[in-house]
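Each chain carries a letter (A, B and C) given by its place in the written order, and its residues are counted from 1.
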Amino acid sequence: MTREKGKYLIEGEKGKWEVVIGLEVHAQVSSNSKLFSGSSTKFGAEPNTQVSLVDSAFPGMLPVINEFCVQQAIKTGLGLNAKINSYSVFDRKNYFYADLPQGYQISQYKNPIVGEGKITLDLPNGTKTIGIERLHLEQDAGKSIHDLDPSNTYVDLNRSGVALMEIVSKPDLSSPDEVNAYIKKLRSIMRYLGTCDGNMQEGSLRADVNVSVRKEGNKELGTRCEIKNVNSIKFMQMAIIYEAQRQVELLEAGKSIDQETRLFDTKKNETRSMRSKEDAHDYRYFPDPDLLPLNLNKELIENIKKNLPELPDQKKERFINDYSLTAYEANVLVSEKEISDYFEEVVKTSDIKLAKNWIMGDLFASLNEKNISISQSPVTAKKMSQLIDSISSGVISGRTAKEVFEIMKESGEEPNKIIESKGLQQKSDPKELEKIIEKILTENNDKVEQYKSGKDKLFGFFVGQVMKISGGKANPQLVNQILKNKLKK
Amino acid sequence: MADLTKKSLTEIVSLIKKKEIKSEEVTNLFIKNIENDKKLNSFITNCNEHAVKKAKKFDKNPKLDTLLPGIPIAVKDLFCTEGVKTTAGSKMLDNFIPNYESTITKNLWNEGAFLLGKLNCDEYAMGSSNETSFFGNVINPVAENTVPGGSSGGSASALAADLTPATIGTDTGGSIRQPASFTGTVGLKPTYGLCSRWGIVAFASSLDQAGPMTKTVEDCALMLEAMAGFDEKDSTSINKKKENYSKNLTNNIKGLKIGIPKEYRVDGMPKEIDKLWENGKKILKESGAEIIDISLPNTKYALPTYYIVAPAEASSNLARYDGVKYGFRSNKGTNLIEMYENTRSEGFGDEVKRRILIGTYVLSSGYYDAYYIKAQKVRQLIKNDFDESFKKVDAILTPSTPSAAFKIGEKKNDPISMYLNDIFTVPVNLAGIPAISIPAGTDNNNYPLGLQLIGKTLDEQKLLNIAFAVEKKINFKQNLNRWWEK
Amino acid sequence: MSIDKDKIKHVSKLARISVDEKKIDDLTKDLSSIFKFIEQLNELNTDKVEPLSSILNEPLRSRKDEINDGKIRDKILENSPKKNEEFFVVPKVIE
């Protein structure tokens, strides 16, 4: 693998290869009840307690669509700059599996609710636009549990019927890093909109990864393989790396790629063919006769558009303009809605420059260290504001603030209280400082002479001494000012 | 009152409302008749105890302001009835006891009626002679060895033999109207969406409709009034105000226009049917209606269209019968796929399997456009034909069936000849419009024949009125020799 | 177009119905005659016709996002041929 001008390439024995990746992301819609039934969608319930007669496909049961799920799909489509289709159809996708009680999944085939759109990725070497092919609504399946009994499978239908949005990208992704950026951006947009919580550990977001390779510079697409149901970004990247390498090796050996569905084995770190899908997929899609076509009027869509919250890209632009942030800084601060909300609360009252540095620096480091999210941190936005204000107003120095922060991140104590109780206030009385400085200069006369005759580095020595005597509390700016005055040649 | 069971539903309701008879007496009389069901085999499950209990409860505190106060009613075994086995005529559901009630039956019970039993039918409603049921053939009370029609054969047979005062069936391609014609009774398929499909074992979702099967048109109006209504649990249920079909029934049809479609005169149609059709026209004219010749040019393509669309939907609707959640599960097979294959091969009968295979085929890759899409296009043409005609007429008069009841086994080995039974009824389901079959006379063997009236969407009142007028004039009387009681 | 045994075997696999070797000849005959019958539709030119999208002239009705169902595990499991207190139980799939 080499990176040429930011391009991701695989180095084969006979030349360089590009990787072409398309993602089909399955995102669970945030809603109270399921797509076609009134059962709850809450994660973690006891098996089969969130299942209705409709969900378990009893004879004579019929679907009725959840209007909120439709709205969530529209919102997501708008967030992807996509066309909302005013006419869409629900189709049955027919196949047999133990966790598919109806023997078909209600999905959308030829007429999805959302058409083409795009996502802009922020990459280290610039931006890249990834095309979205479509978004459609469909039912999730239940869960088959294979490891509780040696000869039987247990079926839990809690998840059966939960609304999913399937978001299909165009094959515009070309590297594992781009896949990371894509998933993160998509997730961020949906979290901003409140349409999907993007919680990959709980299965709210999974992806099927389509991978193919082609010789560098070639415009045609090679045969692709689909790696199904990958539920973490790390695994997606590993699967892509393995699969691309596998395909390059096959092609360089003169063999061809079989278009097939594969699984990523997380223990062995490799993809393998799914042998159980014998006669390929003949899903026999046809419009579900228990439902009618979905017609969306312009007013509904306009209304939703009007009430959309600010999206990451818009917020980024605004942050750059209003807060004079760089593109990089803005990116970081809008990457999660919680972070951007935190930042904006802090800068309502506190210094912007200090805020961005403290949040992106010390705060983020503490989050990583404890593996928590910003909303779980004991350092709330209010407390962060307080800390920054105490630096701005000269109560403490920047260096002291770091000490205070160390305490705050563990205990969640208010910074003012910490400063009070530990007497960490800066010494900012010029008279007091003058006294200390006079003393030092007097005691180190020889060094003063040396400084005056050119040894500029000794300035730091004097500062150090002041700090030593003041127990680190001397106001550094004042110290500098006074020292400079006194050392004027 | 031994003759009570021969009376119409309307008459029995009137007697109960006038307190001239008790529900328990009515119920016991029907139960006595049911004791002789063996040769007819119209019942799959008897609910005698339950019915008597309900009747007694009713009599203790009679609520007389309902439509069907204290009336015991047996229903086709396709309607899920809570706590009572519901088999759909299949081995697959032989042990299935639903813990929920279908909307239609719930509507009947809300009007004061109660369950008398579950009636035999073709398996999963697939058939035109009630010869595909896992629980054996149903015999037409009209003559030993004849079929009652299907798929609501048990319903029609029980009704004609006075084993239930009225009943309900389902009609996907003619399954109410054709057995009504074969047994000399009245059967109505309402407008698609008028009656809820929730809780009815689904066969073909865009065609299935529940409907009343009764002795008279008046009874039919009463039953429809009790059954029909919006159901929010069914996305294909029409949200319209309830109508008083019964109260507004009239035989005044002066000025109405009745269409006679030339395409319904098929080659080789028995002369008796033609005669009855002509008689029907005459009666309508005498009643003040105007007869207009119309054309429904795509009629002959209705049956092939139906035999693509219905199996396609059925193949998908029956995929849920996999032995996992309910019903029969084969104990052969060591893995999931084997379990599925064995369960479905053993649980389904031959006709059902045939239709599932046809349906799977016409939806499969490479054939979908040529078959399924093609059929949906022709379906649109058939619907257009009716829409065009209904600009000129209020209703259409045709024969119900191309023949009277045939002998058991006569058509079993030739699927096409069996399918042809539905040639006059199928176009109606494809267009989603209402139609009713009323007994119009008999053939040379004295077997009943029906006339069909087809109406506009949601125009049931007018349809019932026309049927009422014709019925009065025809005055069809059936005196069966009750051979099954001997 | 005629239906041959291989097509029938393929379709029966899709439908998860196993066809008895003894019965397959009769089945082939029956299905062939049925397909011949339904192919009458090819007589009609339908190039300019839109397939029927819905028999009803109504908008798709929707419901509010309320939790008003579920929590009936006993009812859901009680009809299952094989189950335990919490799950449906089926034979294993062979991967």
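The rule we apply is simple: a contact is a pair of C-beta atoms (placed from the backbone, for glycine too) under 8 Å apart; a residue touches a chain by one contact, two chains touch by 3 or more.
The shown structure was predicted, so the numbers you read here are calculated from the model rather than taken from an experiment.
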item: Most distant chain from chain A, judged by the mean position of its C-alpha atoms; value: B
item: Of A-B and A-C, whichever chain pair has more C-beta contact pairs; value: A-C
item: Whole-Å gap between the CA centroids of chain B and chain C; value: 23
item: Separation of chain A from chain B, taking each centre as the mean of its C-alpha atoms, in whole Å; value: 58
item: Whole-Å gap between the CA centroids of chain A and chain C; value: 41
item: In chain B, residues with contacts to at least two other chains; value: 96, 206, 232, 235-236, 315, 319, 322, 324-326, 336-337, 340, 360, 364
item: For chain C, residues that touch 2 or more chains besides their own; value: 14, 16, 56, 58, 60-61, 63, 75-76, 79, 82, 88, 90-94
item: Chain A, residues touching no fewer than two other chains; value: 53, 56, 58, 64-65, 96, 98, 153, 155, 282, 284, 291-292
item: For the chain C and chain A complex, residues of the former touching the latter; value: 10, 13-14, 16, 53-54, 56, 58-73, 75-77, 79, 82, 84, 86-95
item: Interfacial residue positions of chain A with respect to chain C in the complex; value: 31-33, 37-40, 46-56, 58, 64-70, 89, 96-98, 144-146, 149, 151-157, 274-276, 278-279, 282, 284, 287, 291-295
item: Sites on chain A touched by chain B in the complex; value: 53, 56-65, 92, 94, 96, 98, 101-104, 153, 155, 282, 284-286, 289-292
item: Footprint of chain A on chain B - complex, ascending; value: 80, 86, 88, 93, 96, 98, 100, 102, 197-202, 204-206, 232-236, 312-313, 315-316, 318-320, 322, 324-326, 336-337, 340, 360, 363-365, 368, 372
item: Touching residues on chain C, where the partner in the complex is chain B; value: 3, 7-8, 11-12, 14-20, 27, 30-31, 33-35, 37-44, 46, 49-52, 55-56, 58, 60-61, 63, 75-76, 78-82, 88, 90-94
